[in-house]
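The structures considered in this document are given below.
What follows is a pair of complexes built around subunit A, which joins subunit B in one and subunit C in the other.
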Partner chain A sequence: MDSIEQTLCDVLARSVTLDGPVDAETDLLDGLALASAQVMEFIMEVEDHFDIVIEQEALADVRTIRQLAVAVRGALA
Partner chain B sequence: MKLLEKFREVAELRRGLGEIDPTSVVVEGLNSATEGIVNGRPTILAGTNNYLGLTFDEQGIAAGRAALSEAGTGTTGSRMANGTYAGHRALEAELADFYGYPSAVVFSTGYAANLGSLAALLGPDDAVLLDADAHASLFDGCRLCPAKVFTFRHNDPASLDRRLGRLGEQAGRTLVVIEGLYGVLGDRAPIAEIVEIKARHGACLFVDEAHSFGVLGEKGLGLAEEAGVLDDVDFIMGTFSKSLGTTGGFCVSRHEELALFPYRSRPYMFTASPSPAVVECTRSALRAIRTRPELRARLWRNATRLREGLTQLGLQVGDTPSPVLAIRLGDRAGALAAWNGMLREGVYVNLMLPPAAPAGSSLLRMSVSAAHTDAQIDEIVRVTRRVVVESPELT
Partner chain C sequence: MVATPTESGLPLHNGNFEGLADALNYAAEGRSGYNFYDGSGRLEAVLPYVELRASALSLARRLSGLGLPRYSRVAIIADTASFFHRFFFAAQYAGFIPVPLPAAIQMGGGEAYVAQIRRMMKSCGAAVAVAPDGFVALLNRAVEPLSLALAGTAADFDALPEAEKLPEPLAGDEPAYLQYTSGSTRFPRGVEMSQQALLTNLREIADIGGALKEDDRLVSWLPFYHDMGLVGFVLVPLFRALSVDYLSPRTFAMRPRLWLKLISDNRGTASSSPASGYGLCAMRLRLADQEKYDLSSWRRAGVGAERIDPRLLERFSQALAPAGFDPKAFVACYGMAECGLAISFAPVNRGIRIDTVDKERIVTTGAAVPCDSGREALQLVDCGAVLPSYEFRICDASGHEVGDRQCGRIMVRGPSVMRGYYNDTEATREVLDKDGWLDTGDIGYRRGRNLVVTARSKDVIIVNGRNIWPQDLEQLAESCPGVRTGTTTAFEVTQPGGNPLVVVVVESKHARPELSRDIRSLVRQHFGVPCHVDIVPPRTLPRTSSGKLSRTTARAGFLARTGWDADGWPLPDQQAEA
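Presenting the complex of A and B:
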């Protein structure tokens, strides 16, 4: 995992109660069984942590930490 | 066929809802604005958004009957073609006059009003910041637009402020979108703080008053009126299908450009206009809102009675008085069982399951009407006690 992916895992662990380990390829919805409201809260935490805003369109197909990291890099660019 | 494979998942989800599918309730008949026949038995309707109880208003029914006789059953055309009758224009003028704004635009449904207004407003150089708990029609409206779409935490002015700040110069071309009264939990937006923030960043504010028009404010104009910020809000949307008891929707604004919305709004153009009977029933209901404040007083009296009754049962039903009350339940199965139990006892409420319910919760949603009798309110409380409170596994 790169530093952004590691940071996202840390933010996720702070945002929601996790039952198991998380890596860059863990499916947030199916793998962690997060409700969409929990995912939305996690995204808000990520935005605040990086001081960014992420377009909804960039989040549409995000299922994993790795995919979210791509959206974060896009917002940071 | 591969094209149809997606429906397997839907069918499985539907099977999981059990014997009585909450998405397939049939109201077999109506005894009044607040009582229907469901599964062959009289049922108190406590999940309808019929806030002022105007669906059986005698003046409204007479106006609708007259319109049917005089103008027929439908317009068979778009507002942009043959579907604008004098009644449509009169309704728009009356809505504009009620707000003291230069104009109003009427749409065929509340859903179309949100889609059509956002589609007209937002272009490729614009951005929109939506409350995360905003209604699906607002999210869908944003999908129709080429604008950049972002969200902020529900009812959190600081979250909005931070995000507008991050948008920099883009904030000056950003539309902030909120609801006045949120229709699931019945909570109000902190609109005065949001108005201050959007003004400081040079953004515009769009308020969906679907659940608050006719309900909040001295005149019934909604949360913006109640909070004293009508002159600061840029666009207000409302629906006819709640306090007005018909179908349709509208957008009003202090900005004269609103009159040009129809030319940039496909949901306005490419659908038939509201039927003449609907228009005249709506005009009658609007007159009732303007001239019969006792309806609103009765609604709030009933809302207070239900809230007190549920609170005395030890249930948490939100922080502020509201005609919409929600009881959070433990999980999906418990909520489904409670909803079924209430219906079997003769009370229809709304079942809200994730993702439709906010914060991942499962809940029973109740909405109060001015037309509910004291006996009906008390029966709703009694059934709630019997089904929810006396079944501790549900909460």
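Presenting the complex of A and C:
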């Protein structure tokens, strides 16, 4: 995991209660069964942490931490 | 950058416009307009009516240059940004029909979104489509199998050559727009409103519902692809040449306090939301925020779009009392896209009025008998008087009119009822009879000319303000391997504690855990809500005499199995508190 992916895992663990371990490939929706309110909470924390705005369309095909990291890098660029 | 002023400098028009283009021509003589705020609440774009008119006219000439027939459909991915207004009004000037499309995607829901907008564009036969930069890749995926004259960003349209002449703008009995609020995701139905039908509704909303004057200023986070956002907060302000301040729905969902901040900073006077929006705001408010805002200017706090839960409004007014919010500002209303937006409005400056009725009687006989509040009482919100242009009646299952305080189907007729669902005579015939009566699908009772809505569109599932049709959930479940068509049913129940839960019941020989997981995953991907999957043995779900699954009976069976409050009425936890 690179540093952004690691940070995302940390933010995730902080913002929602998790049942099990999370790695870069864990499916956030099916694997962790996050509800939409939790997803929103998590994304908000991520935005605040990196001080970025992630557009919803950038999340359209995101299911894992690795894919989310790509969206974060896009917003940071 | 400076937001447009509240005062337009224009006298209120008598409202006799020939169409929306005519209304924009008038508003463009003043100083007011539309203002867009970004995700952190900073002013991002300002679009005075005068500039909107000029840029919409120029864009209309470019659209005209495409040589498309009059009434061609212009699909607009209705993100909260100024290009939306430009395309919507360019279509009016060019004689084309604008069609706002959803701009909301769930995380991981790209495929589902592409399929959804593709079905809508197919349903309306879109000739061109425009999306904001971020959505254009998704739009291109959606239009791939369709044959559009042009699909792209605003820049792609701005590169077109301008035609020399413009046709007459849309007016009179011509269409104003198509609105895909109604109908399921799978089978979208585009409400077709004529210019005059819409103008009738705009006038009643502005003059009676909101009692709007020259010094009003509107604030909204509602999406433009929903009737409350489009009609209430794009077209009503245009009709009265008022300024509006916008936040995107996503900004509101993530940072609801920015809504309050905007009203406070800009001295907003009118802003509306479904009850769930007020609830979200109250829930997410920090204690320190309460006194930071001054909400004393907020005179019309509209509430509608779903069954109104008075507890959410109560929480909101309690939380915001220190900020000067006046609960008398609440205006309950009822309506639907099939009538433009509004059917009834409670009077302004009164607040929410509750009708307390005997729960046992209303559940068993449909009679709304007033009683004292208590264990056996049900508290329902009075949605106010039906607007003067409508005739209305409450009908029983066999279509006979029933009297005061008796529940039945709400039927309306009048000049602001839609022409029909675009290109769908069958769906139109289901709701609109030859005498012009619209079957709203909603259940309620009357007290004189006042309406109390007890259940919205019998089957529709409403979670966090999102309308979900059980048919769509059933189709998703039936797309899983091993599930046969016609063996699933979906509905909503109220969990102990008051939260709604979406339930999908599936008949299957084997109660495989992966089947439940797949269905939950599909539902989350397509609708962004968690659901409970109940697998039952084959041929155990109740069927009607025609062989169809009965949702009502299946729901009652599910409640019996779980032992929850079985009557399906809201407010179960209030009962517990009493």
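The criterion applied here is as follows: the second predicted complex is superposed on the first by the 77 of 77 C-alpha atoms of A that agree within 3 Å, B and C clash if a C-alpha of one lies under 4 Å from a C-alpha of the other, contacts with A are read in each partner's own complex, and residues count from 1 in each chain.
Definition applied: contacts are C-beta pairs under 8 Å (C-beta built on N, C-alpha and C of every residue); 3 or more make two chains touch, one makes a residue touch a chain.
Computed from a predicted structure; not experimentally measured.
S.K.: Of the two partners subunit B and subunit C, which one touches more residues belonging to subunit A?
M.R.: The larger set of subunit A residues in touch belongs to C.
S.K.: Touching A:46, do we find subunit B (first), subunit C (second), both, or neither?
M.R.: Neither partner.
S.K.: Quick one: is A:29 in contact with subunit B, with subunit C, with both, or with neither? Answer first, second, both or neither.
M.R.: A:29: touches subunit C, not subunit B.
S.K.: Need the overlap of the two footprints on subunit A, from subunit B and from subunit C, as residue ranges.
M.R.: On subunit A, the overlap between the subunit B and subunit C contacts is residues 35-37, 40, 44, 47, 53, 55-57.
S.K.: Taking the complex as given, what residues does subunit B use to touch subunit A?
M.R.: It is residues 132, 142, 148-153, 159, 162-163, 166-167, 354-355, 358-360 of subunit B that touch subunit A.
S.K.: Using the touch rule from the top, collect the residues of subunit C that touch subunit A in their complex.
M.R.: Touch residues, subunit C against subunit A: 38-40, 104-111, 113, 134-135, 137-138, 250, 253-255, 464, 517, 520-521, 524-525, 528-530.
S.K.: Show me the residue ranges of subunit A that touch subunit B in the complex, using the header's touch definition.
M.R.: Subunit A reaches subunit B through residues 35-38, 40-41, 44, 47-48, 51-57.
S.K.: Residues of subunit A touching subunit C in their complex?
M.R.: Result: residues 28-30, 33, 35-37, 39-40, 43-44, 47, 53, 55-63 of subunit A touch subunit C.
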